[in-house]
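First chain A sits with chain B, and in the next complex the same chain sits with chain C.
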Partner chain A sequence: MYALRLYMAFAKVRFMTQLEYRGEYFVRTLSKIIAWSTGFIMVMVLLTRFQAVGGWTVYEVLFLYALNMLTHSLAGTFFMNSFENLPRNIRQGVFDGVLTKPVSPLFYYVCTNVSAGYTSNYVIGVSVLVVCFAKLSIPVTLLNIVWLIAVILGGCLIQAAGFILTNVPAFWILKSESLMTLFFDDVKSFLQYPITIYAVGIQVLVTFVLPYAFISFYPAQYFLGREDALFHPLFQYLTLPVGALLYFVAVKVWNIGINRYNSTGS
Partner chain B sequence: MTGMYLALLSRTFRLQFQYRGETFFRIAGNIIRIYIQVCIWAALLGVSGAADGDVTLPDMVTYVAAAFVLRTLTRTTLAHKLADRVRDGSVAVDLIRPVPLIGYMFFEQLSENLFALVFSGLPVIIVSCAFWGLVLPSALNLALFILSALLAVLLMFYIEYIFGLFVFWIKNGTHMVMLVGGLFTVFSGATVPLWFYPPALAAVCEWLPFRLIAFEPISVYLGKYDAWQALRVILLQLVWAAVLIVSERLVWRAVQRRMFIQGG
Partner chain C sequence: MAIIEMKNVCKDFKIYKRGKGFWGGVKSLFARKDEIKSAVKDISFSIKPGELVGYIGSNGAGKSTTVKMLSGILLPTSGDIRVNGIVPSANRKQNAMNIGIVFGQRSQLNWDLPTEDAFELYRRMYRVSDAVYKRNVDMFVELMQMQDFLRKPVRQLSLGQKMRAEISIALLHDPKILYLDEPTIGLDVLVKDRIRDFIRRLNAEKKTTVILTTHDMTDIDRICDRIIMIDQGRLISDTTLEGFKAGNAEAYNVIVEYTHAIDAPPDPRVKLLKTIGEGRALFTVDRQAMTVNEILEYFSRAYKITDISIKRPEIEEIVRNLYQKMSPS
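For the complex of A and B:
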């Protein structure tokens, strides 16, 4: 509970500083809305013309997209600022300060870097999910709602692990920004469409090596009543365990990194 | 004057060479993104037989590759750089340099983009050509494409720069970059050609400059236009360039009236 109170205090300060410049906050919200809705708009443009891609119709693809966007935004609220800037903070010696605090470094580092910029993303993500539920007549039962929340939680953990694992190499090699671009941003763009349209090697990659497909593709199979995945149908239930495992590994690697950390001394 | 710009070009190239480790990752990332697009078009066009109207899969692969080249050439971080300069006050020094700020920034950006085209764009094009095959244009279409691609670079730099000048009011470049990026995605036809747009959205695109930066030059390359239609595209690009040049002057005047220098 002490941790929670501490977190609330940190988060409040972060939100206040970010809201201080009203004009900038407004422009930021507007630009985020535009940047993220363009993805939805392009899917709709494409599938209005072609009806389906790999057998998935427009709202099914939007469902995939919304799951990915919502979990990315929820995880990004805590892990984007902190981990995207980790290589720079290590290089410039800013990270030294994190280690001198009397709380767990991960906790302190994440809490002092919370972002207030994702509010519009939650709204867009949830709205698109609601529209998809309605258009695809997915029954709104208690089980489905609980399951959706579990899937979103699992997805968040996978995304969080992605943020951490693709930036933690900065402890060893200092300049690691391109790792995140390639192994997080670029590889995750496979998820915008059903992975069955790619070669088998890619489906193996995003299932077993960088298991991002558990964020959206496999859980969507459950809600859409599909069984067109290449692997066992059981995979559609595995998002939460996969997320928990990955997050656990990420924290372990982070701890190894911290112990390895030598200040750059600048 | 030319000597100065050449010195800037060689300096930028040397600076970029420092980051050659990054280049490898960028090439891999670009190949992933192109591969995704090719798979999507293969899945979409595959359903309705080999072709949709007079658009074939090789057409679309070429479209994707050409859009990638244009994006590499036109991508800018002008707004970011302007914001950094405004925030740390170095814009004060920029104003007393013997080269105009806009000329300096355009040329620096162009040098970076040429570097990106040679060292991360070219390998990607070679891979695309080897795996999926690209449509080659006639000599005339190629010449017209190069001309309109150059104008596309000018248009995009001006658009991004004008949006970037608003950092004098809002002090942060990131969101202007996102905003322009979003408008570009929807209205340029870089990801989905305007042939496939619903008529209402295509009509809006007609009135905006973004399609002249991606869709129109690529259509010229693919030979979808005869010579006269292609010249009309280039003429329209010139008109838009004039509009943007005048707009930049107006915004710049407003900036100078408003500017105060922070720090120093």
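For the complex of A and C:
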């Protein structure tokens, strides 16, 4: 209760201050809309020309895309601003203040860096999912809705772990911004299409090494009734456990990292 | 019972050496040499509740590193730290409730928030009761004269206003210990005075233990009862303020006003530093070598005196002499 109330207080402050710089807020929201819609448009263009990619139709691929976008935006609300700036905050010693508060450092750090810029993405993501459900005639049963929520939660945890794990190395090497670009942004771009279109190596990579395929590809298989994956069909049910495990590991590594923090001279 | 206990504490940092110039930089991409720098070497001290301790040393002596270890930000490489009975870096949340911390060089306040709202946020975070909150805010606002800027966003405050707000916010939860890391840096004389008075007042009323690092020796003189001095990470002195002044002031400054000099044999123990205009001169005399009686005797033989003052040097001067004797920073 204390944590929730404290979060609300911090989040309110964050939202208010972000809205105070209205110009910046609108530009950022607009840039997010454009960035994600160009992705959609690319998928649409490609698929209207070729009808299908790896046997997946337009709305099936859009379904993949929407799952990734929605979980990225939900996790990003809490972990984007905080972890993208972590290397800089470590180098500049700003992190000092995080370690001297009467709440857990991760909680405090996330609360004080909540981002207000993703609201448009939620709307787009949910709308696309609804359209896909309709176009693909996925039955809207209670089970499916609960399962979708579980999948989104699991996806968020994977995304959150991705934000954390690709930036926490900054505690050791100080400058680590390129790790996030490489191991998060770049590798995740494989998720735009069903991973079955890629070579086996890449499918292994996004399943076992950096298991981003559990964000969209495997759970989508369940909803689309597909069993064309290279690996065991059981994988389509594993998003939530994989997410929980990854997030758990990420928090452990974070805890080791903060004890390696060296601050700066002042 | 000590409230702060440091036993044989060391802190090493690993520093990566980069080669010189472009090719050196390229080379160190592949073969990196690292070097261990010891910032704090085997420091032990213990502080009792309610003490006002000045923690001094030249730039890079290890002051901030010590404060950061005491507040749980940094882990010591070896040694044992107890603050109010707990290990700070192992119990950060609990430790945070016991301490207040102010870095003069770095703001803790949210830039976009009015001071009053920042107070509210901290009250929530530290779970300060309404009664304590109201009492403290009233006291701080009055003593620090903050009425005029409570509603202004922090980014519009002057440095002096900001520092007053920083100190107040660090004390909202009635911490037993207050760490002040260069709190008066860059402030004008009036604000400095206000802050110094405030800290003494706080210590008198709430028995708050204070550790203060500063380069302003007037801060030390006005606030502290005890001085711990470190150099290159080593503790080199730990005494009361009076003991520090007496023990390290090796010379008296003697100012003599005279109508004329009498031809007396010069004494090697008395050194003329400078003449100040006509009939006025400043001497320095080794305290070990001459008693005050002997000094008076010497000058009354050497000059027709109209006025004389014999003074121990100010703390600023003592510290300057000590720093000069130590290695250059």
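Keep in mind that, in the parts below, the second predicted complex is superposed on the first by the 265 of 266 C-alpha atoms of A that agree within 3 Å, B and C clash if a C-alpha of one lies under 4 Å from a C-alpha of the other, contacts with A are read in each partner's own complex, and residues count from 1 in each chain.
In the analysis below, a contact is a pair of C-beta atoms (placed from the backbone, for glycine too) under 8 Å apart; a residue touches a chain by one contact, two chains touch by 3 or more.
If you're wondering where the values come from, they're calculated on a predicted model, not measured in any experiment.
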{"item": "Touching partner for A:Val45 - first (chain B), second (chain C), both, neither", "value": "first"}
{"item": "Partner chain(s) touched by A:Val53 [first = chain B, second = chain C, both, neither]", "value": "first"}
{"item": "Touching partner for A:Val131 - first (chain B), second (chain C), both, neither", "value": "neither"}
{"item": "Which superposed partner A:Leu245 touches (first chain B, second chain C, both, neither)", "value": "neither"}
{"item": "Touched partner set for A:Asn262, first chain B, second chain C, both or neither", "value": "second"}
{"item": "Touching partner for A:Tyr2 - first (chain B), second (chain C), both, neither", "value": "second"}
{"item": "First (chain B), second (chain C), both or neither touched by A:Asp96", "value": "second"}
{"item": "Residue contacts on chain A - larger count, chain B or chain C", "value": "B"}
{"item": "Shared chain A surface residues [contacts with chain B and with chain C]", "value": "none"}
{"item": "Chain B contact footprint on chain A (complex, rising order)", "value": "21, 23-24, 27-28, 30-32, 34-35, 37-38, 41-42, 45-46, 48-54, 175, 177-179, 181-182, 185-187, 189-190, 192-193, 197-199"}
{"item": "Residue numbers on chain C that touch chain A, as the complex places them", "value": "13, 60, 64, 68, 71-75, 89, 92-94, 96-97, 99, 101, 103, 105-106, 108, 110, 112-113, 117, 120-121, 124-127, 173, 181-182"}
{"item": "Touching residues (chain side chain B, partner chain A) in the complex", "value": "21-22, 25-26, 28-29, 32-33, 35-36, 39-40, 42-44, 47-48, 169-172, 174-176, 178-179, 181-183, 185-186, 191-192, 196-198, 201"}
{"item": "List of chain A residues in touch with chain C within their complex", "value": "2, 5-6, 9-10, 13, 17, 20, 93-94, 96-97, 99-105, 112, 259, 261-263, 265-266"}
